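The two complexes that follow have subunit A in common; it is paired with subunit B in the first and with subunit C in the second.
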Partner chain A sequence: MPDTAQNKGRMLTFEILQYNPSDPQSKPHMVTYHLEETLGMTLFVALNMIREKFEPDLAFDFVCRAGICGSCGMMVNGKPLLACRTLTKDYPDGVIRLMPMPSFKLIKDLSVVTGQWMDGMSKRVESWIHSKEEVDITKLEKRIEPEVADATFELDRCIECGICVSSCATALMRPDFVGAVGLNRIARFDIDPHDERTAEDFYELVGDDSGIFGCMTLLGCEDNCPKNLPLQEKIAYMRRKLANVKDTGGGLEIRVEG
Partner chain B sequence: MKIHYCDALVIGGGLAGLRTAVATQEKGLSTIVLSLVPVKRSHSAAAQGGMQASLANSVMGKGDNEDVHFADTVKGSDWGCDQEVARMFVTTAPKAIRELAAWGVPWTRVKRGERSVVINTERTTITEADEAHGLITARDFGGTKKWRTCYTADATGHTMLFGVANQALKEDVDIRERKELLSLIHKDGRCYGAVVRDLIDGELEAYIAKATNIATGGWGRVYRTTTNAVICEGTGQAAVLETGLGTLGNPEAVQFHPTPIVPSGILLTEGCRGDGGVLRDVDGYRFMPDYEPEKKDLASRDVVSRRMMEHIRKGKGVKSIFGDHLWLDISILGREHIEKNLRDVQEISMTFNGIDPADEGPKGWMPVRPAQHYSMGGIRTKPTGESPDLSGLFSCGEAACWDLHGFNRLGGNSVAETVVSGMIVGNYMADYCLENEIDIDTATIEAFVEKEEQNIREIMSRPLNDDSIFDIKRRMQEIMDDKVGIFRNGEELQEAVDELQELLKRSRKVGIRYVTHASNPELVEAYRLPKMLKIAISIAYSALLRTESRGAHYREDYLKRDDANWLKRTLVRWTDPEATLPEVFYEELDIMKMEIPPAFRGYGRKGMTIDNPLSAKRQEEVDRIREELEAKGADRFEIQDALMPFDLPENYKEKNERQGVGYA
Partner chain C sequence: MASIIEGYLGKRVDGTKSRMPARLDRWQSASGLFLGLFMWGHMLFVSSILISKDFMYTVTKMFEGSFLFAQPHPIIVTLSVTFVFAIFIIHAGLAMRKFPYKWKEYKMLKTHAFALKHEDTNLWMVQAFTGFMMFFIGSVHLYILMSNADKIGPFASSDRVWSDGMWPLYLLLLFAVELHGSIGLYRLCMKWGWCNGTDARAARKRLKKVKWAVTAFFLTLGLLTLAAYVKIGMEHRNDYGQRYHPTAIIAPLHLSAQEVPS
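Showing the complex of A and B:
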């Protein structure tokens, strides 16, 4: 059972940023709510109670409520977290301050546009297998060393929640920065034997200051990634690898979407 | 008014919708996908344990093929499925998984040599063949004869969804997020697209297409305790119901998964038991072998869920403030295995319950109780995925009643169905787009949009009363949990139907506090609520009328599976928009066309069927045909074709190669 019994009945204070950019009358402001804590309460439970009881138009995003879909990143007392798996019991003074994640376009209150940002990133790093091989799906699949499949899976666990981007100083200064999520994606396809791309190909995509050379190694991404991806190691590895690519002086122009 | 035109319109951006979109886009058709949420956040991502495909690479899958997968699926469905569709599915599944591998899904692979596994709580060593090294491996799942469930740890849906979504981006499919289907545009029995609401600015738009596919997933959120994501509210199916023409098939066929964690209802994969984990009661006793000596903890989900509730009713549950529960013990698998293959389960258990399931003994046991998990029923379609009622309307995945699952779905067959039906239905839908033109006047389109605008204006103009949308919704969910759950009876079902109708009436009067169009979650709840209630009523009413027990539909007052009277599919149509009950009628399943006529499933209670005389007659016929053809030296494909021929698009009907046996 949840080890929260001791906190049952505690009065919690929620301070939540509210702002609707599409409404010219609306100004960003904090609103305070008080809720009685329940057993095993998560921010998913708390925010839905606030919506039902006090603020029916409070905007926030949840889908799976199990830490799997990456919808609910938000700033909780200054730290970007997945709200659905954040337990209120972990806040001893009972004060929880919620703000939307920075670096993404705000829709309203705690709801931000992460999907289009991530699609832009996926298109920029061409987040799909590049192969000239014609695959006949009636035949045996290509053999992959089990350890290599596992290593690919390890990086494929990214859920595109955007927490790495909202933890990133470079992303704040350079809106075109591809983020740890994009660099991890490059590392993922670099490992995958199905993908025939070379270091030169990856250099074309992210070999500049809005890509692999933009990272200042502050590593907020590594500290906050809810899936504990080895972002520090993979960014360093890809940077070494791409730093060794000779720039042929072809005047690479990199188009950024999103 | 904004009108968007395309060839193929796909509503729903989970695995089924995205795979359909790839199929139509690849054939040169302009394709738009509309999704409530960014597509990579769809509920497909939550599928944990794996995808069934009879690759037979692992030593524990040796001898597996389409025939074995087919028989498991038919028995699992309690003979409720469409056997032709099941054949289409099992034949395409190996191709689907190989396609996904080529798209980068990092399936866990066979490693040659010895490895230690837990079977029936005993540590056992199995030896994988050299020749299988590097091919896709599989784990055990409930209701299957072979280890057939392919996986990426316990994040299989996630890796599949990213693989297919990235493929859709590669193909430049036009994906639009935060768009909600309100109604279907149709005229003279032909579907022309949809009225859609933008969830950010609140504007209504019309999407006009040659063919429209509803792939909006299940309707689990009409229940209170469900593993489903919060977006699984059944509004796609309701839109079909609200045409007054389209039908839902078998809405009463609702699956309850044995092992969601208590109290959050978040799923813990069947892979926990597939890998050797067991259920325990208040005394720490492993009780499933007493009920199911053969399949034990790995009987089909309907059977295990019922046995668990039966055991709890005997007083063997663990008391808690969240009600009685049982324990799921995976600690016997060892920390190394859990941290590699069941890591999301571990993460969920540690985060939400503070329990590390790798801790040895009772300390690591996780509290579980069955909860709503899957909708076998849905939008009724033909084997091509097209609605039999509305031309140009297609549906696939969990939203549909294609009828692969009948009255119980096997674990691992749903993510498999998403991509397999996306491939098959996507191709049939593409053919439809290529063969059919559309001509629809803008006045008709505008009339459909105006109707929805009128509905929203009407909701906003309602005076506030003492009622609350949230109260009505919660009450609906409570009724479904309490009276339309695992054990059902006529009295409670009648009460449910009566009260749900009252809630539907209330939902048409309840006012909202904020009357803005843009980004208004309360308004969204208000227009969805009557749709959800129509689904809930369809489920409860169909369950009331079906006076037998079949698969997950279990009637305490009609304990037997009644093949004599109930070998038929429920169909529901809602012709009168003001009515509070739908029309219910039935479609017979033809035993004389079945490849496997009804018999005992091999698990569950024996002697609990009322036989149909045609079952024995068809069995004799099947045996005779098989014997004759075998005598002539026919292979299994020729025999199958003689028993129950079926079609598939593309090259999907070609034989599947397997390690060591080639195309045999």
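Showing the complex of A and C:
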């Protein structure tokens, strides 16, 4: 395309945090870059151009570039977003500040490990089907109602991007909070008829102040989840369910000997 | 013994989780719901002065039991205020568990809230701030009313507002209560999904609008009411302490003219 004044893009200003926690010399600081906007430019494109032109060792994560893998979450002007799905044209003043998502371990610059956090969450909510039934994989799976399957798959759309965690003040203040992604996972297994766990079982996993009762309903998750998962509705549903779990245990058996 | 074991080990003896967090969560919401709704009723009651002094007088006497007894009994008011005060303390104790209590948490919260520019997060900041304010100003008001339950009335209340210099406290309290209460009731609906219906997102949008309308309504009503008490208080300054004598009884009071307390 000829470089005429007409199709010359506006100048964008990127302010990007740079810091390498594993290098004792490194101090967190912001670096500013100016880049000409191109048609349909996403942050993915812009960051690659910055890396090519100015900063060969700028660290950031991308895999799918299509909002599917959930690896490119970052704070864009204070909001956690999937960088591959964020268009520069949505920033009218052309100033874009990029920071790594808080609450996850920082590797370098914009690259964080969400995997570790998600792993911990998965273990905590025991994110697998609990069933006493022996599964015979040579046979067809047990049938379930299509609506129930749809409801389960709907919640399964979570890509573990961590945006709900980074948009939640509770999760940021209290790092042991299970987060919307964890509560959504509980709701998912609650719907799934393959899973035999009862409300009492789920209570054992998240029935405390770092679980469902720690949620302050700030709704950052609901309003920022890139997959539009019905987080408010599902968390409210689990809260109603777990707040009313009967108390059957807690008694002490005393053994007297001699 | 089971409780001691749980206290030390953080685990119940049969290995199950305590139901206390669930109970506390329910109590936090229930006490908040009670106070939120009570404050609506309270606002309507105090704003009776906007209709007339006689009307406010009648309403006051009703709360003192005029519909049951021949004589007004301010003790009924004392007991009611004590009850509300108790719920208020319970709610404060439960809700303050959500505050940021370390500097690091506060710093994180502030940075995040300012950067995110997210309405419901900001509304929570308002709630936390007004909640903290009310520990103090709410307690002052409640204690004064508890110990002076017989001094509610068109003149007595106006004297308190103006001559006793309470109006700045009431002005602050008005904003704190109305913001905290309406945000809190909205959040309760979101938290428990009471108003979700079939389309939770549309319901939330609608509820948010209602929330703002309710806030605007009660703030306006509150400001007008406070202005009315200030005005009466100024006019009544020279007769400070003198009680109101109704010019007309709006509702049957079972009080003969001589029994009307001065």
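The rule is simple: the second predicted complex is superposed on the first by the 238 of 258 C-alpha atoms of A that agree within 3 Å, B and C clash if a C-alpha of one lies under 4 Å from a C-alpha of the other, contacts with A are read in each partner's own complex, and residues count from 1 in each chain.
The rule we apply is simple: contacts are C-beta pairs under 8 Å (C-beta built on N, C-alpha and C of every residue); 3 or more make two chains touch, one makes a residue touch a chain.
In this text, all values refer to a predicted model and were calculated from it rather than measured experimentally.
Engineer: For A:E233, is the partner it touches subunit B (first), subunit C (second), both, or none of the two (neither)?
Structural biologist: second
Engineer: Examine A:I68 and indicate which partner it touches, taking first as subunit B and second as subunit C; both and neither are also allowed.
Structural biologist: In the superposition, A:I68 touches subunit B alone.
Engineer: Quick one: classify A:A199 as touching subunit B (first), subunit C (second), both or neither.
Structural biologist: Neither: A:A199 stays clear of subunit B and subunit C.
Engineer: On subunit A, which partner touches more residues: subunit B or subunit C?
Structural biologist: B
Engineer: Looking at the overlay, does A:D209 come into contact with subunit B only (first), subunit C only (second), both, or neither?
Structural biologist: second
Engineer: Under the stated touch criterion, which partner chain does A:I159 make contact with: subunit B (first), subunit C (second), both, or neither?
Structural biologist: first
Engineer: When the two structures are overlaid on chain A, which partner does A:L17 contact: first (subunit B), second (subunit C), both, or neither?
Structural biologist: neither
Engineer: Let me test your reading of the model: by the given contact rule, A:V31 touches which partner, first (subunit B), second (subunit C), both or neither?
Structural biologist: Touch partners of A:V31: none, neither subunit B nor subunit C.
Engineer: If you look only at subunit C, which of its residues touch subunit A in the complex?
Structural biologist: Listed in rising order, the residues of subunit C that touch subunit A are 1-2, 5-6, 12-19, 21-22, 24-26, 97-98, 100, 105, 108-109, 112-118, 120-121, 124, 187, 190-193, 196, 200-201, 204.
Engineer: Would you pull the subunit A residues touching subunit B in the complex into a rising list?
Structural biologist: Listed in rising order, the residues are 1-3, 20, 22-23, 39-40, 42, 51-52, 56-59, 61-71, 85, 87, 107-108, 111, 114-116, 118-119, 122-123, 126-129, 131, 133, 135, 137-146, 149-150, 152-153, 156-157, 159-160, 189, 192, 194-195.
Engineer: What residues on subunit B touch subunit A, complex-wise?
Structural biologist: 37-43, 45-46, 55, 95-99, 101-104, 106-111, 133-136, 152-153, 155, 158-159, 162, 166-167, 169-170, 175, 177-178, 200-201, 229-231, 263-264, 266-267, 320-322, 340, 344, 347-348, 351-354, 367, 468, 470, 512-514, 516, 518-522, 525, 651, 654-659
Engineer: Taking the touch rule as given, give the residues of subunit A at its contact with subunit C in the complex, in rising order.
Structural biologist: By the definition above, subunit A touches subunit C via 75, 77-79, 102, 167, 169, 172-174, 203-204, 207-209, 213, 215-220, 223-224, 230, 232-233, 236-237, 239-240, 242-245, 247-254.
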